[in-house]
Every structure is written in structure tokens, then in C-alpha cells.
Amino acid sequence: MRPSGRDLSEMRQVSIEIDVTKHAEGSCLIKVGDTHVLCTATLEARVPPFIKGSGLGWVTAEYGMLPRSTTSRMRREAAAGKQGGRTVEIQRLIGRSLRAGVDRVALGERQITIDCDVLQADGGTRCASITGGWVALRLAVNKLMKAGDVISDPLVDPVAAVSCGIYAGQPVLDLDYPEDSEAGVDGNFVMTGTGKLIEVQMSAEGSVFSRDQMNQLMDLAEKGVAELAALQKEATGA
Amino acid sequence: MRPSGRDLSEMRQVSIEIDVTKHAEGSCLIKVGDTHVLCTATLEARVPPFIKGSGLGWVTAEYGMLPRSTTSRMRREAAAGKQGGRTVEIQRLIGRSLRAGVDRVALGERQITIDCDVLQADGGTRCASITGGWVALRLAVNKLMKAGDVISDPLVDPVAAVSCGIYAGQPVLDLDYPEDSEAGVDGNFVMTGTGKLIEVQMSAEGSVFSRDQMNQLMDLAEKGVAELAALQKEATGA
Amino acid sequence: MRPSGRDLSEMRQVSIEIDVTKHAEGSCLIKVGDTHVLCTATLEARVPPFIKGSGLGWVTAEYGMLPRSTTSRMRREAAAGKQGGRTVEIQRLIGRSLRAGVDRVALGERQITIDCDVLQADGGTRCASITGGWVALRLAVNKLMKAGDVISDPLVDPVAAVSCGIYAGQPVLDLDYPEDSEAGVDGNFVMTGTGKLIEVQMSAEGSVFSRDQMNQLMDLAEKGVAELAALQKEATGA
Amino acid sequence: MRPSGRDLSEMRQVSIEIDVTKHAEGSCLIKVGDTHVLCTATLEARVPPFIKGSGLGWVTAEYGMLPRSTTSRMRREAAAGKQGGRTVEIQRLIGRSLRAGVDRVALGERQITIDCDVLQADGGTRCASITGGWVALRLAVNKLMKAGDVISDPLVDPVAAVSCGIYAGQPVLDLDYPEDSEAGVDGNFVMTGTGKLIEVQMSAEGSVFSRDQMNQLMDLAEKGVAELAALQKEATGA
Amino acid sequence: MRPSGRDLSEMRQVSIEIDVTKHAEGSCLIKVGDTHVLCTATLEARVPPFIKGSGLGWVTAEYGMLPRSTTSRMRREAAAGKQGGRTVEIQRLIGRSLRAGVDRVALGERQITIDCDVLQADGGTRCASITGGWVALRLAVNKLMKAGDVISDPLVDPVAAVSCGIYAGQPVLDLDYPEDSEAGVDGNFVMTGTGKLIEVQMSAEGSVFSRDQMNQLMDLAEKGVAELAALQKEATGA
Amino acid sequence: MRPSGRDLSEMRQVSIEIDVTKHAEGSCLIKVGDTHVLCTATLEARVPPFIKGSGLGWVTAEYGMLPRSTTSRMRREAAAGKQGGRTVEIQRLIGRSLRAGVDRVALGERQITIDCDVLQADGGTRCASITGGWVALRLAVNKLMKAGDVISDPLVDPVAAVSCGIYAGQPVLDLDYPEDSEAGVDGNFVMTGTGKLIEVQMSAEGSVFSRDQMNQLMDLAEKGVAELAALQKEATGA
């Protein structure tokens, strides 16, 4: 049995509130159970030097946790003087995942930066960041299209992510923190709304797993992402 | 006339929502017009080395702005590798201000860290942080008292802060961003609920001011802080 | 056709030379084609603070590239003042992968640090680091066992890694740099010598992939890791 | 009674020696009792990017303490790898204060950097830095005017600063270190030679103060700054 | 008697293997006894800003030690976040020494960066770096000349270096680590193949030395450098 | 002819003023021509970890230049976030040189830190720092001896330093900045008052030198150091 009483293939309650900050070109507050992430999209005319003049757009992401988003207070990374390894790894994943769903030619030579800041954490913050980050991205791109700056929609299919893992010997969908901290195997799955794969990361620490188990987790992930993609569409009116 | 249409001595709409995050010992989301700050209090048994064994408690603060809390995106300080001068100055002010309202003997040898994170900025973030920070502090101390860990209340009187300035030649209360960026003189006033002064900071850049003007701003500040203190009491049920 | 002329499921020439440095407790120079990585194992009596007194051992890893291991010179990370995001991500993967193959109770309260330094790079440096890192680890553990410091072997099964990807529309094993820089999908597979999975990472940038493609890559990876494990055993005389 | 035996409204002995270093465009060694600060002005043709092309000048400041300017040795900030919060706060104050006394149009598009380095500290280093910094600035501007590079004098009125505080229950002028470390309230007052206010900073740590007390400190500050302005004029031959 | 059994004026076995990495414009692995340094030369069209447009070339160097090149593991400088004082001192010495043997007019406006990475250390790493670094430089310059990019040879005479010291009261040539860690006086001598001096550094820690002793060390150094220069010529086919 | 009109073997005017700061255990302001360095000695009971419990003392040094000690303003190292390579090299030299003249057993388990801060630079700052640093050290040790904390004098012979170089083809003593920036060869010589050598550093950039020239510079250095040692004795009343 799961600590939360959920079924093995049951996601937490998910809500996506859009337009939560007045300055950003796109924004949402995504809540996946007790994991709350504020996602904003910033649109800029400039692109990174390595694609200047290429006509291609760029999407990148940054991730952070408020110091007391967690059970015990974490040291503020700005005070520590650098982003930790976990932060860097997560923000690279978010950026790479969102870029995979973007037609960079259609976007044109502009950059969209997605900031994902965790206000409250209870497991699965990187997946919530990708799912919410896509919503912020969608809203910013909508503005570009409405203004006629972009003609062909650079976002064909939603991008969403969910975690799955082996908890107490069972494959479970959408791990919360109590499950995450005990899971022998734990994976993050980024997919499109039509079930195509963008990123699969499964890891075992102090354990190993089989291809059968991997396939069970993939099945759960497909179910979860389909549910998230429906919510993304609903939130963005697509 | 003020850009917002407010009277010279009229504060923005202020709301304080408490218990907004499940992990912190105390928390609130304070909204002063479009300035929104999430304040959390973290209680720890340890104190800084320089007061170890003294029997005294410690209150400290950290401050941050989400990258897109502002009109154009600011660089994330964790990515930049250090807290900027303005951040450091503000968090030192918050900590000093809140400590001035604490009976450190009554608190006993424990530390409370107040994190003030700006979700949306529209001027006056440091003042909102102090006012909201005191609410988070109050709630954390309430827990200590309820648990019997602290007997005599270390917080006698609320601490709140407001900005005032000379805008378009007139003294105005509670500057929003359009006023703040144009004001010739701009001050921050930290006081107790009974009108005692804790910190006064007035500065002119490219201008000067008289003692008369200073007194006018002080009068406005007293009015503003009294209103804030009433809201703090209401929010914390004191 | 692959740029190197290899078959789709053909690995590069792999060699593992052991005991290449006189100071380390275990060491090897692994060559996977033109990718050359020097791996050393350092044995220390101390463990990280978070497991002190637990009786458990720890295995960790660090990764670096010599500035001119690459086609054009990279900036030296020590001079830049920090390890880049890619470096951090890779060394976390190496450490996590090797730990998954260690019986930490049998190892006892001691730490082994695996340093993987790339002397020459031609794609697949993280996989070569894991494969070579395990050899260095094995040699260091052999010393512990020979000295009677460890009784039960903490390394039951080799750990090795290989990359696979979709290159020019075809699934290929063991990508070299020209393939890696063109591949639409690219994965790293860490497994034990008996084919159990430890870590699977597949990512697409600017593309997506299907579960069928994923399974084809998994099949290639199983073949590759089996070959590497045989070489590891040969090199370490196991 | 004050530890130094001074009257409540008596400043320490102040001396200002000009042209103490051969390289700087303006320089002085200011001694306020045992507080000794070396102030230099550096004139440069370039201005910061944010005012390039505006026709306006810029004045900025940096502050430092020699490691053994204090009773016990402080860690060298260059060795620590960053300027501490107190340093940053002080140098921002110095720059802001001096700029308030500058006609930036008259100065023209050039930058003057004031370096204030504390050779020996005994309280009031930031105030001595502002007072001495203005002298260095005056001397550098004199050179510009003599050379005909600047026609209209950008410095109309001297800028000077003094600290006041409540020591042993009494308002006192110009706190030395023994007073500063005991004072319940402590303020820094930056004014022009004609008594206009530029910056007022009063703070209480672990205490509060009244408007009456604030006014008493203001009165003392006006007296002190008038004395300092006279010495500045004398030193610069104005 | 020396720990290694060598005569007082006997160098360790030295070998220089060239072209050890496929990417660099010049490279060698130099072994001076158990001290092994990988040296690479990187050729770039750009020069540092301070000589841009001067028509002169530049040669610079960087130095690093692999963490387990030493008896006990050193902290990786990239992880520590900066190059230590010893590293900085050594790489400045290598750069300065090699530049002294270069006709910068003949080289033309291009930069050659020499990277010296110590794979295994047993004393004398900076001298081996200079000697091997010159070989890498020679090979890179050969390419430039072969391609006709440089007409007149900018390298007239080899540059090599050796350490000498007073060990157990005796002047000895080419200190290995056991000698180096015990030597009362220890010097590094950089010379050209024809015996001209480029850099002499002798230091005593907790001891002093006489001009006579200095001359004895100079004599040994001349012998050692002559042997090294012969090997450099042999290795580079000059 | 030298720019200053001095004879080839003539030092600049040297003065040493002692007890220039009230906090340090020893201090002096040394002026070697227009090079002015403030040297302080700080005495502490603690020693670095690596000699804890050994009964031996430690002497170390730090070096800094005020930003406008030079012709054009240098960036403040504290603001840049690290000490540059030149600074690190110099302070290591100062510490090593002074330690060579200390009987660390006689000093006992205590640390003396010498801070050398350049107020005005005109060439030869590192030599002036060593010479003045020894005076500060002597004064601090005098206090220890007077207090009876140290019985046997740990400082037997003064330590002083001078630069010499080949300027316009001639060997000259005590280079000032105009000479230093033009010299083909430039050396720093640290010796005891009785002419024993502690450190010799000679380097050529873009040039070479002979043993004959080296000996001429040594002769000049011996003359210069003897003069400096006499001044050190006079200043410290020894």
C-alpha cells in the first residue's frame, strides 16, 4: 500500500493556474499534490551567441527551490555562491525536454527562458517543472502568435513529465516524497501528448532492475503523461 | 497626482494570508498592492557560533527575488554565483529590524531564520518583507509557546515597515514602482506597533532634502505603520 | 553507413591496461577507440559525514577532461573557477552507477574515490569512465581483500556502460564523436555483467522517439555491455 | 561621561592632509581621531554602460579595510574571495552620498572613482570616508577645471558625514569605537555644507528610539557636519 | 647517498614520446623517472587583447595535476573552485620560460597555449613541464612552418629545465620526491640548449645558503640541461 | 644613464618609520623612493593545523596593493573575487623569506602574520615588503620577549631584499618602475644581514642572460641588502 493510499497507477491531484504573475509573458502555478512550482516564461529578442544569425530560436530553463520549500531548510544557493549539481542537472533536463517539443525554425531567432521555482516540495519537482514549464511556454508563444510575430505554431504537441518507480517492490506512478526517498528504482519520463518519448531516465542506487520492470514503469508513465497533457490543454484553452 | 490615483497618504491594498506552506514553522504571503512576498520562518535549535552558550536567541533573514518577479527578467543570483549588493543590504536590514523587536533572553538559545522571497515586485519589497517577516516570526514563536518551549513571550510589539518619499514634489506614503523610480527622495521606516522607531533610512540621489520634508515623511510613515500593525494583529489573531 | 565503417552493432576496439600509475590503489587506462580515459581508485579510511558510524562504505567519482582532449581546446575548469554542468552531471552518474554494484555493508566504513580523467575524447567518455572506473574499483577492492581488511567480496558483478543512439535513422551501438554530434536520439546504458539494468538515460534534442526504437537501443546496449564485462574480467583476472 | 572624556557634542580631532599619493588625480589622508582613511580619486574617460551616450557623468566609490586596521586582524576580503555585506553596504552609501552633491551634467561624460581604504579604524570609518572622499573628489574636479575640460563647477557644496548615537542614555556626537560598540541607537548623517540632508540612517539593534531622540541626534549631526565642511574648505583651499 | 642510488650529478632516466594525442597541434609525454607529464600545444589565430594589432605572437601555459598523481589524493582544483597558489606560480613560470625562447615577431600574431598535465608525480614536475612543453611547442611550430604560415623559425634554441638542491649537505642534480621533501635548499634552473640562463629560482625554507653552494648547483644544472636539450632535439628530429 | 640619475649601484632613498598603527603588535611604513608599503605584524596563539602540537611556530604573509597605488587604477582584488597570480606569488615569497630567518622552535607554537599593503608603487614592492615585513616581525617578537613569552630570540639576523636587473645593457641596483618595465633581466634577492642567501629569483622575458651577468647582479644585491640591514637595525634599535 502507498503511504497516501493511492492506487499504484493513480496520480496525485493536479491543478494548473495560469497568468499568476503580471510581468511574465507566460506563467502558471502548477500543483501536483503538495508539490507547488511557479513557472514563468520570459521572451527576449536576443539568442545565445552560438546560434546568432542562424534564424533558429532557443528555449532554455532555470530551476530553483525556495530555501524552506523542503521539510528542513536548505541553504539558499545564491548565498552558497553556486548552483548545486542536482539543480544544474534538473535545469538542463527541463530545457532539453522543452526544446524537443519546439519547432525552432518556426519560433524564429528569439529566446524563451522558463524559470521554475519550487514554492513547496513533496517529490517530483522536476516533472512538475517540465509540465508547468510547457504551459508557461505555450502562453508566451500564444502572445507571439496573436501579435503576428510568429506565423506557424512552433509548439505542435504538449510536453509533460511524470516520475515512476519501484516502491515496496511494486511499480507506482507519480512518487511523492515519502515514496521517492524509499524507492529502489526511480525514473523520470518526458513525453509528448501523443505518447512519443523525449527523455527517459531510470536509475537504481544500491539495487538493479530488469527490462520487465522498466516496461511496467513505461506503461504507467504513458498513462500519467496522457492525463497531464489533457490538463495542460484545458489550462491553456487549446 | 499619483500614477495609481491614490491620495498622498493612502497605502495600497494590503493582504496577509498565513500558513501558506506546509513545511515552515510559520509562513505568510503578504500582498502590498502588486508586490507579493512569500515569508517563511524556520526554527532551529542551533545558534551562530558567536552567541553559543550565551543563552540568547537569534533572528536572521535572507531575501531573494524570483528572476521574473520584475518587469524585465533579472539574472538569478544563484547562477550569477553571488548575492548582489542590494540583496545583501536588504537582508541585513530585515534581520536587524526583526531582532530589534525580539526579547532574545525570552527566546532562549535558538535561531529563527526568516526567508523573504519576492514572487512579484512593484516597489516596496523590503518593507513588505519586514512586515510579512514579522508575521511568520510571530507564528513560529506561537508554536514555541504553545509547546511550552518558551514561557515569556519574546515578541512584545509588532514590527512593520513602510516606504515614503518625495514624488513630484509631494510627500507620499507607500511608493509603488512607478513612483519609486521617479522619487527624488525615498525612505524606509521600520517601527513598532506603538510607534517607536527601529530603523530610519532616507536617501537622496542627485538631490537633497530638508528637515521639514523629513518630518513630513515621518508623519506619513507613522500612519502607514499603524495600519500595517493592525493588519498583522488581525492576521495572527493577536 | 557509419563514418567509421563499423556495423550497426559493432563496438569500437576496446583495451584496458591496468596498474598504470604507481600511487593509486587501483588504476587503468581504458581506450574505447580514440576515447582514452585514465581511471584511478583512491582508498580512504574516512567516509562522508552523512554515513559516519553507519558501518556502510561509500564510492564516489570525479570526472574531468584535459583541456586539449578535444578537437578544439576547452577552457580548464580549474581556471574557470568551477565545474561545468555537464561535468557535474557526468560525475554524479559515474558515482551512482558504481555504487549500485557495491555491497556497501561488505565494503565496511571506508570510501573509494574514482577519478576519471579524459586524456583524449572521441565520444562516449562517460561510458568509458564507468567501465574503466569499475576496473580501478575492482583492483582497489582486491587489495583490501588480499590484506584481509574486507572478507566478503563487495563487488558481485561487473558494472559497465555503453552508449547507443539513432544515427542517420538507424540504431547504432557505441557512438563515436562524429555520430554523437549528429544523432537525433542518444542514450547511455549502465548494466551489470549479467544484464541487469542500473541506469538508463535516453534523450532527444529537437526530435522524439518511440518505444520500439527504445527497445532496439536496449538490445544493442545488452550486446555491448556483455562484451565490455568480458574485457573487464580479463583485465582484472577475475 | 564619554570614554574619551569628550563633551556630548564634541567631535574628535580631525585633520585632512591632501595630495598624499603621487598617482591619483586627487587624494587625502583624513584622520578623525584614531580613524585614518586614505581617499583617492581616479578620473577616467569611460562611464558605465547604462549612461553611455547620455552626456552625464558618474561618481562611484569602493571601500576597504586593511586586515590589521582593527583591534584583532580581519580576514583580507581578497583572500576570502568576496566583499562582505558590510563593505558592500558602505561603499554603496559613499557613492550615493557623493553623487548627490554632483551636478552630473556639468561633470560631463566621465567617471570618478573614489577609493576609501581604512588604514586604522576606531569607529566612524564610513563617515570619514565620505568626508575625505569628497575632498579627493574636489581635488580631481579642480584639475579638470584648471585644464578647461569642465567649465561649470559640478560641485556646488561640500558633502560630509558624521555619526551620532545614544550612548549610555545620552545623545552623543561622533562615536568612537568604544562608544559605537555599546550604543543602543546609532545613526549616520550625510549632509551638504549648507545643512541640506542627503542621507539619514538610524538603527537600533535590540532597542527602539523616539522621534525626540531622533531630533536630538539630528541637531548634533548638523553641528558636526558644519565643522567638517569648514575643514574640507580649508583643506581644498576653497 | 641518494635514496635512488644515483650519483650526485646523475639525472633520472628521461624519455620523451611525441604525438601522443590526436587533437593537439603538438604533444608529448615526458617521463623524468616516475614523473610523467602530458604536454600539448594548442595553436589559435587570436592573441590576448594587450598585444592585438602588434604583430607579435604569444605563448602561454597552464599546469595541472591529476588528483591521484600524488602519493595521497589531492583535491581536484576544478572542484575546489580555483587554482591554488602553487599551480598559478608554476604555470606563470612555464609560460615565461617558453616565451623567453621565442622570437615573437617571427611567430606572428598567433597564440600557442601549452597545457602541462601531470599524470604521475615524483618531484620536478615544473621542470619536466618546461622541457616537455618546449617539445610540444616545437612540434606545433613545425606544422606552422611546413604549412608556410611562418617563414623564419621562431624557435632558435631549445628551452629546458632541471632542479638541483642541497640534499643531506650535498649538491645534487634532478631531485626526486624523497629528496625534494628533505632538501634544505632547492632550485629550478631554466636554460637554453646553449647554456644561456632564462630563469633561476633558488629558495631556502628554514635555512640559508652561500654563493659557493649556488655556484655548485649552477654547474650541475648546466650539465642536466645539456642532457635534456640533446633529448629534445632527438625527440623532435631537429 | 638611469632615468632617476642614480649611479648603477646606488639605491633609492630608504626610510623606515615604526609603530605607525596602534592595533598591530608590530608595524612600519617603509619608503623605498616612491614605493611606500605599510607592514603590520599580527600575533596569534593559534597555528595552522599542519603544525598543531609540533611545538613549532609559523610566520606567514599577505600582500595587497591599494587600487590607486599605481599609475592607472587597478581593479580591487576583493571586488574581483580573488587574488591574482602575481599577488599569490608575491605573498608566498614574502612568507617563505621571512620564515627562513626564524628559529621556529624558539618562537614556540604561535603564528605571526605579516600584512604588506602597498600605498604607493614605483617598482620593487615585493622587496620593500620583505624588508619592512621583517621590521614589523622584529617589533612583534620584541614584545613577546619583553613579556617573557619567548626566552631565546627567534630572529638571529635581519632578512632584507632588493631587486637588481639589466637595464639598458647595464647591471643596476634597486630598479624603480621606469627601469623595471624596460629591464631585459630582473631579479629579486633575499638575504640575511650577514650576506647569506635565502632566495634568488632571476628571470628574463624575451631575452637570456649569462652567468657573468648573474654574478654582477649578485654583487650589487649584496651591497644593497647590507645597506638595508643597517637601516633595519637602526629602525628597530637593535
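So that you can tell them apart, the chains are marked A, B, C, D, E and F in the order they are listed, and the count of residues begins at 1 in each.
As a working rule, a contact is a pair of C-beta atoms (placed from the backbone, for glycine too) under 8 Å apart; a residue touches a chain by one contact, two chains touch by 3 or more.
All of these numbers come straight from a predicted model, not from anything done at the bench.
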{"item": "Neighbouring chains common to chain D and chain E, by label", "value": "F"}
{"item": "Minimal step count in the chain contact network, chain A to chain F", "value": "3"}
{"item": "Centroid-based (C-alpha) most distant chain relative to chain A", "value": "F"}
{"item": "Distance between the centres, which are taken as Cα means, of chain B and chain A, whole angstrom", "value": "33"}
{"item": "Approximate Å spacing (C-alpha centroids) for the pair chain C, chain F", "value": "51"}
{"item": "Touching two or more other chains - residue numbers and ranges from chain A", "value": "81-82"}
{"item": "Chain ring listed from chain B, with chain D in second place", "value": "B, D, F, E, C, A"}
{"item": "For the chain F and chain E complex, residues of the former touching the latter", "value": "82, 85, 88-89, 92, 96, 99-100, 102, 104, 187, 192, 196-211, 214, 218"}
{"item": "Residues of chain C that touch chain E when the two form their complex", "value": "21-24, 27, 34, 38, 40, 42, 44, 62, 64, 66-71, 73, 76-83, 87, 113, 115, 117, 119-121"}
